[in-house]
Amino acid sequence: MPALEFDINKIKNDFPTLKQSINDNPLVYLDSAATTQKPQSVIDAINEFYTSQNANVHRGRHTLSEHATTLYEQARDKTADYFNVLSKEIVWTKGATEAINLVGNGLRSRFNKDDTIIISALEHHANIVPWQVLSQQTGAKLIALPVNDDGTLNIKQCSDFIKQNKPSLLTITQASNALGNITNLEPLIKAAKEINSLVLIDGAQGAMHLKPDLRELNCDFYVCSSHKMLGPTGLGVLYGRYEALNALDVYQTGGEMIDKVYLTHSTYRPAPAKFETGTPNIAGVLGFSAALDYLDTLHSSNIQQYENDLFTYAVEKLVSIDGITIYSNLSNNIGTLSFNFKDEHPYDLATLLDGYGIAVRAGHHCAQPLMTHLGLNGTLRASFCFYNTHKDVDIFINSLKECIDLLD
Amino acid sequence: MTNTFKKVTESIDKASAWQQKYREIMLLGKTLPVLPDVLKTDDALVPGCESKVWMFVEFDLKENTLVVIGDSDTRIVKGLLAIILALYNGLTPEQVVNIDAYEEFDKLGLISHLSASRGNGIKAMVDKIQTMAQHKIS
Amino acid sequence: MPALEFDINKIKNDFPTLKQSINDNPLVYLDSAATTQKPQSVIDAINEFYTSQNANVHRGRHTLSEHATTLYEQARDKTADYFNVLSKEIVWTKGATEAINLVGNGLRSRFNKDDTIIISALEHHANIVPWQVLSQQTGAKLIALPVNDDGTLNIKQCSDFIKQNKPSLLTITQASNALGNITNLEPLIKAAKEINSLVLIDGAQGAMHLKPDLRELNCDFYVCSSHKMLGPTGLGVLYGRYEALNALDVYQTGGEMIDKVYLTHSTYRPAPAKFETGTPNIAGVLGFSAALDYLDTLHSSNIQQYENDLFTYAVEKLVSIDGITIYSNLSNNIGTLSFNFKDEHPYDLATLLDGYGIAVRAGHHCAQPLMTHLGLNGTLRASFCFYNTHKDVDIFINSLKECIDLLD
Amino acid sequence: MTNTFKKVTESIDKASAWQQKYREIMLLGKTLPVLPDVLKTDDALVPGCESKVWMFVEFDLKENTLVVIGDSDTRIVKGLLAIILALYNGLTPEQVVNIDAYEEFDKLGLISHLSASRGNGIKAMVDKIQTMAQHKIS
């Protein structure tokens, strides 16, 4: 692909939320790991749906319903294209969390005390608690991959760990939401596949920044959230290799997912339909469709290059401040800086930064086990996205210095 | 295009108002023989349709042609089925793969009835016919 | 309350979707039982969220996140007010279907073969299949209230049935989505409460048209969907009497709903938090909040009176057509007409009506057992809402007559 | 309003820039005694806060006054706690119910720290103090 221009001014301009002032300062939004801002085209798509296309999908004979259904199913095709998989392998959920729960529930009748589930200590709570529940329900053993002191995985050690423990399921994040570290997935998946383990990848943080080719990645399941990839809230994606997907037990039941319903029993449709009951988040799906279109116009290689440059710049500036400790792996990162200043509480610095219009997050970032492992109560997290500018970094760093001065 | 198809769809083609178009489609449906009840098995039912659509796509080895049979409990779908039958019935696999039902339905102003979201079974029928023909060729 | 003016022209004007043409005819939208159209104020609220308020809720120290959280929790308060219950009794779900599944799952560890669940043959699949699943999982007996030949319930007979069968749970719809019949809930709930049964009411169809006072109704659980009450897609409400709600086992697990997470186990927060994991449908909640505000300006008594008038008018017109059979109970109805013309297939008439710009639904309306009970393959369903006009009825009736002529 | 409160908040009141306001709040926090570790029990922790906040609201029967004690591991929350303590400590239940913390925080330009969505524990503390006072009166 020819090197395309990445016009950051134009891009930033596409995101209306970024144009506002917070506490009389221009907003510097560094909380994209929590949720990304939305381009105007996504907002417009939602608006258009409710203004002129609103109807329930499937089974409607009238034009509005037909049209909404077509757009809704086209969004599934686009999602499948984005990840290089088949449309029938895409299930809409309400978020990454629900997608993981769906898989956990779907394995319940198959797992027992002879099964082992491997997670890592890097995981978001969404990829920990559902497996604790499955373990309690079935007796399956739940163990965690060893994590280095810097929050990274020793891949050789982890691969051995997998081969030794022969899990039925390996479930691991593509990138840490707390530190931004990117997991080197290929060798881990290879190790798991050698012993025929199922593999689930939590792509909540990776799906937009890294645009994985899931066919190539060779995982069985992959989950992500629309709201973390420029799309609307209330929507997630579950990819499942068709055979693995269709083999899962049904999760929620009701309308749409059924074939025949009698008073005493029912029959279900094949995947993905059998996992999609009730009226879906239609506006969410159509907005997500627009988000994928938008990402497509930018090209993922350009996004990655720009984000890497920006991250390198931010790291350089941040390390130059005396007393700062950065916990993120700086060489392989989706653009998230997790740090502390001396032994100051992140709450104070986050509150003060907000005074300067800077949105960062403070706390355990839904990764308590990781924080415990690192011996921390929490960190300040500044997470970048391709709509952030070098000027954002400058304002952030200068404001941080002023906040530090305020603490004395 | 077969002569049957041209003859069958002539009146639809000519219809100016949409009402007239539907009237012709329904008339067409009436010309289609009713499937004997014994053939209306659950296996022959196209899944996921609001209306009931039964379909059989067979291959006549002797003649090297496709045999397509179908019925529906609705007038409009049955009329659309009649169009599909006129389009493909009695053709060789090679002929079948060269006929694009989407194009023909588009010309007739009926393309919306072939959209994926219409759960009327017509699209499923076309897909099955094309798959069968492809299969026979290779 | 003084009789307020119900200005239908002004109201219809608030719904942009209704202003369009379908197949060169003005749209007559009679599919509100499937999903309602949205007033401009709801569309604006969603738009405003994504344009200037977008942030993740809870645990964010920055202004955007604080603000979004405040609006999000205010919506919960408003919903509680609407139903006259407490805010902590309101759980956000992705729809009525999920809400029912949540309750079903929450009872799983408590139910066994000595328990009986009573549903009715009137129910939507969403209030049938989850109970079949619970019954299969626990051995609990699942039985259905007897339904009259006209799709109504004989209340005396049903009350006796309840007392005889002593269910642990009675779960029943407030109004049938297929026929519009309103259930006379009070005596049934009274009968159930006499034998200490839990009671769940499926309010998907009733919540907007009937605005129930849930404290007075005395049910334990009540579910409804935002998209059927002028709000966005992808959002539902579960009300639970606090004690009954908090006693349910957790459903989905992950972030937000937890208190402490260790690698081996976790502790959960009290209801409603323990049922709300993952990033919620924030835009959906804020849009729903605007929908409740809108309903509030119209006053529910005015809505009900207008809808009754309109329904009566539509019934009069429809019965005057030769060969029409109406299946709905005409004296106590939320505004839904379910009918057939002779033995014509509803699919044909719905398709032809669409040519005239009229959106009705054809089929079993996710109520196969009811259709079987009535000996029908399906019906045509015209469902009205207060934004429909008498002129809509006229166009509908005239077009229906023309469609019938086309069939000859 | 008690004199303690006036004295304590004078500097915050006077601060013009928000930076100065926070500086004064944090200075105030430094004046608050550190809670002995034995008192920092899980029971005393305000649930659901990002920062750790421990609080005790007791009633001095002899003096008929409320005794409020608190600590936090953050500077800002500790400073806000100091304001609450200055506002209510040593007052009778009757006096307590007549003092509206929301009003006072609003006057000080700190109202956002008392919003329900701020999980900083200050609101929970105010609620607990008011509940206790109401309870003693009735």
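Here the chain labels run A, B, C and D in written order, and each chain numbers its own residues starting at 1.
In this text, contacts are C-beta pairs under 8 Å (C-beta built on N, C-alpha and C of every residue); 3 or more make two chains touch, one makes a residue touch a chain.
Just so you know, these numbers come straight off a predicted model, no measurement behind them.
Undergrad: For chain A and chain C, which third chains touch each of them?
TA: The common neighbours are B, D.
Undergrad: Determine which of the two chain pairs, B-C or A-B, is joined by the larger number of C-beta pairs in contact.
TA: It is B-C, judged by the count of C-beta pairs in contact.
Undergrad: Would you kindly say which chain has the C-alpha centre located farthest from the C-alpha centre of chain A?
TA: Comparing chain centres, B lies farthest from chain A.
Undergrad: Compute the distance, rounded to whole Å, between the mean C-alpha positions of chain A and chain D.
TA: Here chain A and chain D have centroids separated by 39 Å.
Undergrad: Taking the mean of the CA coordinates per chain, how far is chain A from chain B in Å?
TA: 45
Undergrad: How far is the middle of chain B from the middle of chain D, if each middle is the mean of its Cα atoms, in Å?
TA: 77
Undergrad: Which positions in chain C are in touch with at least two other chains?
TA: Counting only residues that touch two or more other chains, chain C contributes 23, 59, 61, 347, 351, 362-363.
Undergrad: If I count partner chains per residue in chain D, which residues reach a count of at least 2?
TA: 50
Undergrad: What residues of chain B sit close enough to touch chain A in their complex?
TA: On the chain B side, the touching residues are 47-48, 50, 112, 115-119.
Undergrad: Help me check something: in the complex, which residues belonging to chain A touch chain C?
TA: 16-17, 20, 22-23, 27, 29, 31, 34-35, 37-38, 42-43, 46-47, 50-56, 59-65, 94-98, 100-101, 119, 121, 124-130, 132-133, 142, 144, 225, 227, 232-236, 250, 252-256, 258, 260-266, 277-284, 347, 350-351, 353-354, 358-363, 366, 368-369, 372
Undergrad: Hey, which residues of chain C end up touching chain B in the complex?
TA: 23, 344-345, 347-348, 351-352, 355, 362-363, 377-378, 402, 406-407
Undergrad: Quick one: which bits of chain B touch chain C in the complex? Just the residue numbers, please.
TA: 18-19, 22-23, 26, 50-52, 73-77, 120
Undergrad: Chain B touches which residues of chain A in the complex?
TA: Contact set of chain A toward chain B: 57-59, 61, 66, 69-70, 72-73, 259, 269.
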